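The same chain A turns up in both complexes below, where it pairs with chain B and then with chain C.
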Partner chain A sequence: MATTTPDPTETDCPPMDFGDLKSECVAPRPSIMGQKRSLRSILWLSFKGILRGLLTTLSYFRRPSTVVTQQYPENRETLEMFERYRGRLSLIHNEEGEHGCTACQICERLCPNASIIITKDKKNEATGKPALDQFIWRQDTCTFCNICVLVCPFDTLEMTGDFESSVYDRRLLVFNLNEYAGPTAGQLDKLEDEELAKAQMKPMKKYQGPVPMCGGEMDGIPKLDVEKSTDV
Partner chain B sequence: MTVEVSSLKELVEQASGDDRSPDTQEYFVNMGPQHPSTHGVLRLVLKLDGERVLRCIPVLGYIHRSIEKISEHMNYMNCVHLTDRMDYLSSIMNNWAVSKAVEEAAGIEVNSRIQTIRTIFAELERIQSHQLWWGVLGMDLGAFTPFLYGIRDREVLNDVMEETVGARLTMNYVLPGGLMADIHPNFVHRVKEFIKYFRPKLDEYDDLLTNNVIIQERLRNVGILSAQTAVQYGATGPVLRGSGVAFDLRKDHPYGVYDQADFEVPVGTIGDSWDRYWVRVEEMRQSLNIVEQLLDNIPPGDFLVKKLNSKIKIPEGRYYSQLETARGVLGVFIASDKKDEPYRLHYRSPNFNNLWCLEPMIKGDYIASLIGAMSSLDLVIPDIDR
Partner chain C sequence: MADALLNPLSLTLSVQTSEAFAAPAMSLADRASRALESGVWGAVMYIVIGLVAVLTAVSVLGLVMSYIERKVAGHFQCRLGPMRVGPHGVLQSLADGIKLLFKEGIEPGDGDKVIFIGAPIFSITATILLLAIVPLAPGIQVVDMNVGVVYIAAVSGLGVMGILMGGWSSNNKWSLLGAMRAGAQMISYEVSLTIALLVVVLFSGTLKVSEIIESQQQGWWIWRGHGVAIVAFCLYVIASTAELNRTPFDLPEGESELTGGYHTEYSGLRFSFFFLAEFANLFVFSALAVTFFFGGWLPFHVGNYEGFNAVMDLLPPVISPMFWFGSKCALLIFVLMWFRWTFPRLRMDQLMRLEWKVLLPIGFVNLIVAATIVLTGLYFFPSAT
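So, the complex of A and B:
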């Protein structure tokens, strides 16, 4: 704002016509000090207004049941989140530990801030179809917008109620969601040989492959085997 | 590299210069960007003479996240979730504004169930926004207790919305062409419970703040914004209505199902902080009325018009759409070049225009009045910068 700019409040402007805009709901003016009253009347009215507020607060001492404070870290065991709560993303695994992700990458394409990275095995030996290798989720950039859950054609993603995700190192917020690399539960069921199906499920750790923690050493976190570069 | 803010420097030199006289000097004080009363990273450069405010120059840009530019590389479904981060206290209304603009431009007709649910959520969101504002206004003026009361009631409402939406602040519930999820089976019941709970609480609000003489004296005749100045500066929402102009898009250009609801638009008389305070408190009552009327008649239907469409293509051209958020008119301008992402997306945010009303309001008044006047504007800073 340069000094030469004229002050807009002082410029000449013709009186404006606001048309027939009217409302029946007009604000009252507070009138304790506004009108001609004796000093005693003003003091009494002011005192009364303040006293009413004080009595409101004091009345809550008599009604302790209306206190709503939750003692959060203490009530962890009983704390229940709503079923639709959008917390940590998770890839749904059935009882046998099999997931339903076909690595179609729709969630990756529609993720607004590239928080999902999917690597896939282009042709699985046994099934002959593409299979999931890694489902990398970046919690550090995720905005929990729920679009990945919404667009997944196989309903294999869900937002869980887990909201306690603080860690001491932000690299720990990037991890694999899948417990194994391999075909989906449906494709594995089609394989008649159970041994062959088992062999397709290569176990995948939480931090493994091209996620930032791989190869890194931290207190309490074992060193992981690295195959590819750590830059994701 | 040196950065010179030449205009401010000139102002400082002009004010003090070579003046060495013992009289009072005009001087500059920075209020913010890290000031608790500015509710965010807003910097106000104040030109003071003693305790009088001679000029008040807002300096923006401390929380610019280039939401408009990022949106140019996103499809319309993804554009929506960024608007949560603009005016985070009316996120569903922001979502709706973009969805409405896209629907109007692409010619998508949404059924009345979607419109009704959107309207109910918008009104609930308006209530929770005003609840927070009410608490914060008390805190700005030195009363800490109202803040706890406002937050307590907002928590009840937040839980109601969280059950359906799944998020508490950045909701991202409305999509172009529908909603992200249908309402929760408990929703209607719980909203009714909330209305029953909150009506008596509004009288409690009156006991705590409205009837308090200290609050009245700190708001009355402070920060007067005439109707003419408010219109000139493009102020909207409760700020404009507090100045006595009964302009409300919900009445004047009804969208959603507002035309089915019976409600009044509260207005002020002279446009001081008290009028704006009263208008917002009354708006909470009116919003409760709207929700109560619509709640029993949610028509049956789908919550999404057809299959989820992430590749909505808008015909070439320019489109503008607007609606009334808790703070005023949010306009969405889309310039499209036939692609599924906007060529240019611009938001006309209400807080940006309301902010500039601060200077004509507070000129010549005490610095202590500035806090109350600014609080009565109900600014959300991320909405100013986007």
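So, the complex of A and C:
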């Protein structure tokens, strides 16, 4: 008795939808195990399987363009990381250097390892709304779980492809992500007076302000000269 | 010749038929026998020179082929392989060799020291002995004995001893299991290997390796063998893959279950001996397949197409055999590498079933068919004599 192969349309597994990612339930390929087949068909299937495998590897061998290896230190200038790679966290700034963070602190509350610390100006004098003061990211404790990016209501965070974050002092891994302390791009646009809007953007350096640990003096450890250390 | 074929007992006596073929004026083997006859010092000199030549060949083969293997493997798997040491990593195996030289030779405390030290030497000796009979070009052969095929069958079985010794003396369960697997596998597949070679021995009517090549002047045995030789060649390739412990038959070293197999406890130079033996064996088995089925150093000829054959003979007499032998060997080695990086590993029972229930019956039937063809004289190709 020849068993029939299951029809993919008859399976009771509906196609699933994960937003951008679509999944369709594919019926397993007919296996030559556990089925009553003639010796000839088994031999033929085995031969075909072997041949298919050989041709697949040969096609890779013949075409050097299929090589996926990156010659990393040499191609450093042209290296492009994958879209979904999770490297350094970044607060997105637009062309005018304005970010969209309203300092709502959702990411801070949801961060599993408390790697995000946000300080804010409770009421900005120009907009009358809370404004971001410091967006501190502790890279040393971050697990790159991506939750902060997912929960941000304004899509202001992203994981960049930058993976070269070695430093000689652990304290340099704690820094500010925002380039200025002040209201969001949208709030600044609403202000009629451009001079007033400019005045709200107080420049914020990467290592500035009361950042925990950053450059701070600790037991037996001298104060870190940030300028000198980051030059290296 | 026909009489010799009809009487199996006279197979080994067919040495005298060698006059029928155009033999080189003064071959290395002739010189060797003269040197051996000229006295003790001549014999000693010849043995020393032969040993040095073969040992150099083994080391160079190991270096070159480990590099090629890694490069080929890389490209089969969408990688690049070694790229750092020298342009495109050509010096990689040299660097690895230097590293292995400087490594400490660790011996397991509770192991059997003497056998442990002896095992890699035994393993590489078997390879060297086998390499001695490989004919690289007319006359370029260290020993050309009249029972060459028997010698091949006997010596290729020695390699398993080194592996068993290494596994046993390491006093380590992984080593022992790997060695036991290797022993079972290599002894089993040796039967198929020898049976496949016997088909060609039947056709050519001689056990002498150089004469087997000369008997293929009219055409290689793979074409002239009535299809029997093709089956024999397939058997030979499968069996030699198993004999070399290469994927899909690399159970003795199965990293996922046995860490390193029989050479788990080996380090430094002793490990490199196992390694060298492995790669030299790959060359030797390909060279034997070329010798038996693809006409050794003979150029590629097609029947009576004189023009085509003349083009194939264009190479000068010294380079031509080297070129043809080398290119045939390289092709076969590439095919074995291709197998290695494509197929998944077999299970132990599948491995044994394949040999004893599939390959061996096919081999015996094949041998009987070949014997029938030879005995009844059902040739449809011009006889060699």
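Heads up, the rule we're going with is that the second predicted complex is superposed on the first by the 141 of 232 C-alpha atoms of A that agree within 3 Å, B and C clash if a C-alpha of one lies under 4 Å from a C-alpha of the other, contacts with A are read in each partner's own complex, and residues count from 1 in each chain.
As a working rule, a residue touches a chain if its C-beta (ideal position, glycine included) is under 8 Å from a C-beta of that chain, and two chains touch if they have at least 3 such contacts.
This structure is a prediction, so every number in the text was calculated from the model and none was measured.
*Asks:* Would you sort A:S165 into first (chain B), second (chain C), both or neither based on which partner it touches?
*Replies:* Neither chain B nor chain C is touched by A:S165.
*Asks:* Looking at A:P64, would you say it contacts chain B, chain C, both, or neither? Reply first, second, both or neither.
*Replies:* A:P64 sits against chain C, while chain B stays out of touch.
*Asks:* Report for A:R86: first if it touches chain B alone, second if chain C alone, otherwise both or neither.
*Replies:* In the superposition, A:R86 touches chain B alone.
*Asks:* Kindly classify A:S41 by the partners it touches after superposition: chain B alone (first), chain C alone (second), both, or neither?
*Replies:* Neither chain B nor chain C is touched by A:S41.
*Asks:* Touch test for A:T143: chain B only (first), chain C only (second), both, or neither?
*Replies:* Touch partner of A:T143: chain B, not chain C.
*Asks:* For chain A, give the residues common to its interface with chain B and its interface with chain C.
*Replies:* On chain A, the residues that contact chain B in one structure and chain C in the other are 50, 53, 56-57, 68.
*Asks:* Which of the residues in chain C come into contact with chain A in the complex?
*Replies:* 72, 74-80, 83, 338-339, 341-343
*Asks:* Taking the complex as given, what residues does chain A use to touch chain C?
*Replies:* 50, 53-54, 56-58, 60-61, 64, 66-69, 71
*Asks:* Sort out for me which residues of chain A touch chain B in the complex.
*Replies:* 1-3, 8-9, 13, 15-16, 18, 21-30, 32-34, 45-46, 49-50, 52-53, 55-57, 68, 82, 84-86, 110, 112, 143-147, 150-151, 159
*Asks:* Along chain B, where are the residues that touch chain A in the complex?
*Replies:* It comes out as residues 7, 10-11, 14, 57, 74-75, 77-78, 81-82, 145, 152, 155-156, 159, 162-167, 170, 172, 180-181, 184, 204, 207-209, 211-214, 216-217, 219-220, 227-229, 231-233, 241-242, 245-247, 264-269, 274-275, 278-279, 282, 286, 308, 310, 359-360, 363.
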